[in-house]
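Sharing a structure below in structure tokens format, with a few things to ask.
We call the chains A, B, C and D, going by the order they appear; numbering starts again at 1 in every chain.
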Amino acid sequence: MNKTISLVAALMMVSSSVAAQSFDDAFNAQRAMYGKGHSFTFEGQTYTTDHPEEVAAAVEANADNAAKLLAAAKDQHAQVVALDFDWTLTKKLLKASAKALAGGDFRKSMDISAQAQYHARMGMVQYHQSQKEWVIAVPE
Amino acid sequence: MKIIKSMLVGASLALVASVSHAASSGNTLATVDPEADRLALQSYFQKRFPKVAVSDYVNGIYALDAPSREQWQEIEEFPPYEFDIEEGEELFNTAFANGKSYADCFANGGEGIRQNFPRWDEAQGQVVTLELAINQCRESNGEKALGWKKGKIAKISAYMASTSRDNVFDVQIPNDAAKAAYLDGKQSFYARRGQLNMSCASCHVAGANILIRADLPGPTLGHVTHFPVFRSKWGELGTLQRRYGGCQKNVRGTPQKTQGEKFRNLEFFQTYMSNGLVVNGPGARK
Amino acid sequence: MAKGILRAKAKAKGGNTVVKIMAKHAMETGNRKDKSGNKIAANYIQTLSVAYQGKTVMETNMGTAISKNPYLAFTFVGGAKGDELEMTWTEITGATATETAKIK
Amino acid sequence: MMNRRSVLKAVFTGGLVAGLGVLMPRVALAAWSKAAFEAETQEAAMGALYEADPSASAEVTLKAPDIAENGAVVPISVKSSLAGVTSIAIFVANNPQPLAAQFTIPEGTLADVSCRIRMGKTSAVTAVVTTNSGSFSASKEVKVTIGGCGG
């Protein structure tokens, strides 16, 4: 369910960006179609559909790494909160991650942290896009 | 189901794209022209719904959708907010501990003045909404401020609106500071936010009368005229800014502060867009 | 006299009287649960009857499917401006009251 | 609000209605019928009120929306051109308790009533008009949607 929502959001990010067939477009389309862990080629190069946060989380699951990822996600979240552009789900994700960490489920905590950090980062991307692009929605 | 959802959102996005032109009114303090914005918005809706009279937009979605209009008219036969107007009148006329009352805080004893709110307050250097003025009145008379979203404040606001029915909205932008607040509100209205990446305009300009899941969003023209509203969903009366918070949650964003600067500026912009239309609050909505 | 829970609009028109009544009542069905998961006890208006000059002109029995702030509209033959209607309601709890409204 | 006497009275009348119900189950018109209002199927509710199943009639007009704006407040009107109408009842088949309301129409009151009902989900809404010569009905499906923002 949550995944679907971010998928929709990702799709929408695509349609609101101006340039055609950029790497971001291709990435987002592939991601929307296949989810994470899929490979695709773009201009001769092979890429995966993982978000940077997911790549960062693809390390050994232990207390130390989980704590680091959670801290990074919280930091990113604090930045988007300061812009007044945070998404409702992120707070819940951070809580869920902390709970998993406390319960010793490091893998789960790390995956959730990655998702939370991605949300927070996208919120910031959205903020900056909104500042520039709000004008195009105004009727003439 | 999930696919349908993304398709619907996609459809409304496509519409956004089709109305995206360079606006004649600018996005800087030097170039922004509120009156041009207002006329552009009116002509946008007139082009999309040529059969709907501008004056009918005070009825929100019911100006556009006949089946829901019929149900709404049945509700308006005996609207649920009548109890709230009565209670609001009582609250309004109840004296504070110091013997003064709301009537002492407002022009014309508080009657028939809804159309002038929100207004730019030069002394305070900020936009003052009717609800803010109500609480400022309380605090200056040594009373505790009321909660912003529902209950007493909404009832008092509803009563004050009811004494102003058919008065024409006349929000003034007297100087550059006020214009800056207007511009900030305009930007808030058109800026996308939340996980669903939608702006107020996604639903209430481009998306007006287009199904978003099972709902038909109302047009922003005339949007504020009928507030506060008794929403069947709430089962009670609520203020405009309560609804703002709800909308921001609907697009999966954390709501901004009720009666904070952002929301007050948004209300300033949105009400200016409805200048020339009449007060018909309080209203009943689904 | 304290105000009751009923509001009525009764209008004499062409020999008939059109009556619209709304009651301020939550109409708890007994099917809802509160935040801690306990059932909220049913409490709704069961009956509402309207009399004009001692004669019953409408009697309504209501169930759980009636909306919050119940609404009732009907028309009876006769009635004149200034005359009074007597409206009696009874809750499932047994509480009951009679309120009046003038025909306009 | 509620005093001891009214509770006692309620218990007493409640008992009386139940007692009457046993004796003559199908004629309790004016009294609030526990059997009918608390029945969990439309069949049972109708069974408690009517001798025979009501027959569909074009002379019963049920006005209800195709799609309810909000299931919590659905405006319903029932009218009939039949002669000698004594009562009108409204049923919502898919509600937990299908009988919504029952109106007794004395002579001199028009067979034309409006009310607002709750609907938990999409359902057939049936109006039954009872006259001296039997019971007649009209039905309509009313869709209830769960909205994203409004409902």
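A few points about this structure:
As a working rule, contacts are C-beta pairs under 8 Å (C-beta built on N, C-alpha and C of every residue); 3 or more make two chains touch, one makes a residue touch a chain.
What you see is a predicted model; the values in this text were computed from it and never measured.
Across B-D and C-D, the chain pair carrying more C-beta contacts is C-D.
If each chain is reduced to the centroid of its CA atoms, chain B and chain D end up 39 Å from each other. In this assembly, the C-alpha centroid of chain A lies 53 Å from the C-alpha centroid of chain D.
If you average the Cα atoms of chain C and of chain D, the two centres end up 16 Å apart. Per-chain CA centroids place chain B at a distance of 33 Å from chain C. The multi-chain contact residues of chain B, meaning those touching 2 or more other chains, are 77, 80, 235. Listed for chain A are no residues, as none touches two or more other chains. Chain contacts: chain D has residues 72-74, 77, 114, 116 touching two or more partner chains. A complete list of chain pairs in contact reads A-B, B-C, B-D, C-D.
Across the complex, chain D is touched by residues 16, 29, 31, 46-47, 55-68, 70-78, 90-96 of chain C.
By the touch criterion stated above, chain C contacts chain B in their complex at residues 3, 7, 9, 20-22, 24, 68-69, 71, 73. Taken together, the chain B residues at the contact with chain C in this complex read 77-78, 80, 82-83, 86, 235. Chain contact summary for the complex, chain D toward chain B: residues 65-70, 72-75, 77, 114, 116, 145-151. Residues 1-2, 6-11, 30-33, 37, 72-74, 77, 90, 92, 95-106, 108-110, 112-119 of chain D are the ones touching chain C in the complex.
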